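In the two complexes below, subunit A is the common chain; its partner is subunit B in one and subunit C in the other.
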Partner chain A sequence: MSMYPIASALATGSNDLAFTNIPQNFTHLQIRVFLRSTNSGAQDFNYVRINSDFGSNYVSHGIYGNGSGAVSDYYNARSYNWLTDIPGSSAAANIYGVAIIDILDYTNTNKYKTIKSIGGYDANGSGTVQLASGLWMSTAAITSITCSSGNNVAAAGSTAQLYGITTA
Partner chain B sequence: MVAQRGCDCIVAIIPGIGASSMHGAVVPIAKIFVSAGTNNVTFSSIPQGYQDLTLVVSMVGNSSYTALQYFIQLNGIGTGYSDTFLYGNGASAGSIRDTSAGYWYCGYFAGAASGYPGSAVVNILNYANTTTYKTMLEKWAGDANGSGQPGIRVGLLQSTSAVTSMTLYAAQGNNLFGVGTTFSLYGVRTVNQ
Partner chain C sequence: MSVFLQPLQTVTVGSGGVNSVTFSSIPQGFTDLVLKMSLRDGSTSGSNGATWGLTINNDVSNASYSQTRLFGTGSSVGSGNAANLYYNDTAYFPNTVFTSNTFGSSEVYIPNYTGSNYKSFIVDSVTENNSSAAYTQMIAGLWRNTSAINTLNIYDSGSGSYVLAQYSKISLYGVLRQGI
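After this line comes the complex of A and B, so read on.
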């Protein structure tokens, strides 16, 4: 199994992070996210939307730690896969959240797609760390991915790197 | 050269390998083998040409402790670390955070002092960036056949400096990076790197 870089997305403070025309010749995808939101508040979230599907076709489950306990929650019938918490615009400056997102068998057209994410952020006294699953209820091959903050505007300096993973 | 002796002993060093398409996205930078117990090891002169760093830890101890941990310190900076982690110990799940610390507290390896290796993978994203603080993600696991703990951790270092060196400390001292412990450092390149 080898991993190869496909594309890099960089936020300027007025855009989200998106990948289009994803090549179909890998077995799995990985996205490595370094992200802060421009949304108000100290905390926002990182989501993934696939193939520009805005339907209620996404479900997420997660377990997270907030420094005082472990909590599990879920989000049904969303128009995106909620994956991890990230800092919002009122969080202390220079703090970014991170996530490593794996999407297996992304070209397979016989089954729904499942996402696994590990991510979070720490702000020296606040923040969370999460393990999340996401289901996209579509059998379509994945050709584009939007990966951004809840308000669709990633803070300047945010980046996402897309990788393809091969198998034998 | 990117690996060097800690204050005690490190025996084998594999020179860094330059980024090349033949390695795909994950490029080995250096590996440290521990052949005699030591308290710390350092990766220095870390190349700046990658997007992320990945550290792979396989830790065994050499004394009798219930569980072992290791610390990470970047660039010799001794302040400004914090972290939040989530763990399960076979009976319950919990979360704890550390604030205003001198290191990232990492791992929790049950039985690592008794021959059960603990393993961890640490990712430091955007490590060469000089405008943002540094954030890391750690996954760790230790199992000692009746006790053990996997966990995930996110850590913050309040420094905008590019990461050029990384020192790993045996948290319990006593030369508890035991024989057979390995630390492998990789660069994760993105397009045009």
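After this line comes the complex of A and C, so read on.
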């Protein structure tokens, strides 16, 4: 088998979701996210930060649809990759966003790391769906990932599962 | 226990690059195929990046491919159809005008690749760039042929001008479903 569960992160309502000491013996990583923010407002976002790098080394692009139109945009010089919109604390109760995040060749020290995320949420009459990308401008192997809501406090019940994928 | 995601073949591009990658003699015992691609074009300088094609079973002359795309450029969105193609797009990938060391990420999912229907598949891909310009794209592709798939070719659709850069990597997987 080539896809192995590495770790799970569970939010209690007072923490972010993070993975440390990521094994270096896989080729690709995948994170499956179920996430809601404690931030005020109806909507927040899912971000990824790598190796605790708080520098302005991240760029994000995406295409987004909200039920009435579609846009494409980008963010540069950020301290995280902005990926998928998720419900905030004033969204209807019990609604969480979902995302599947792929990071290929995460140990290759000749590459900047590219992240691909497919995600979104629906709130019974509103919502958003996105294909987003993130660039971390570092050739370092990835050893830790924070994958949480914009205010760093994921709502209780939020989860993230990290998988490692091997190759032939 | 059945194997859910079985690694079949991987190609990592060495120094000097290549202008095609072929997966041949694909085992017929799975239900679906997946390609995971981390690619950069080391030759061209078009502002959108380089489009690499996908051909199946060495079919390059029958115009039997078609596709529907949804894409974003970082500043605009679009969607379009293309019929009677000689290959399917796999995605745009970063080229020499994109940020150094930056590789695109793309996945191609081909269900029921041994079935007797035409072959439909889905592609999701991103390029990335430290600039506003980068492609985010989804493609629904079709190969109008009922043959089982035994060969996939990642094809230089730039007529010889494209070269996959060193460290580009393509992994092929077989997927099994319950009951196999």
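Criterion: the second predicted complex is superposed on the first by the 167 of 168 C-alpha atoms of A that agree within 3 Å, B and C clash if a C-alpha of one lies under 4 Å from a C-alpha of the other, contacts with A are read in each partner's own complex, and residues count from 1 in each chain.
Assume contacts are C-beta pairs under 8 Å (C-beta built on N, C-alpha and C of every residue); 3 or more make two chains touch, one makes a residue touch a chain.
Only a predicted model underlies this, so the values are computations on that prediction, with no experimental measurement involved.
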Inset, instruction - Could you look at A:G134 and tell me whether it touches subunit B, subunit C, both or neither (first, second, both, neither)? - result: second
Legend entry - First (subunit B), second (subunit C), both or neither touched by A:I115: second
Inset, instruction - Using the touch definition from the top, say if A:G62 reaches subunit B (first), subunit C (second), both or neither. - result: second
Inset, instruction - Quick one: classify A:A70 as touching subunit B (first), subunit C (second), both or neither. - result: both
Inset, instruction - Tell me which partner A:A168 touches in the superposition: subunit B (first), subunit C (second), both or neither. - result: second
Inset, instruction - Examine A:I6 and indicate which partner it touches, taking first as subunit B and second as subunit C; both and neither are also allowed. - result: first
Inset, instruction - Give one of first, second, both or neither to describe whether A:G97 is in contact with subunit B, with subunit C, with both, or with none. - result: first
Inset, instruction - Would you tell me the residues on subunit A in contact with subunit B in one complex that are also in contact with subunit C in the other? - result: 2-3, 63, 70, 118, 131
Legend entry - Footprint of subunit C on subunit A - complex, ascending: 1-3, 27-28, 59, 61-63, 70-74, 76, 102, 104-105, 108, 110-112, 114-116, 118, 131-135, 137, 139, 165-168
Inset, instruction - Would you mind writing out the residues of subunit A in touch with subunit B in their complex? - result: 2-8, 32-34, 63-70, 94-100, 118-125, 127-131, 157, 159, 161, 163
Inset, instruction - Would you tell me which residues of subunit C are touching subunit A in their complex? - result: 3-10, 36-38, 70-77, 99-107, 124-132, 134, 136-138, 166-167, 169, 171-173
Legend entry - Parts of subunit B lying in touch with subunit A, wherever the complex brings them together: 24-26, 51-52, 80, 82-88, 92-97, 99-100, 123, 125-126, 129, 131-133, 135-137, 139, 152-156, 158, 160, 188-193
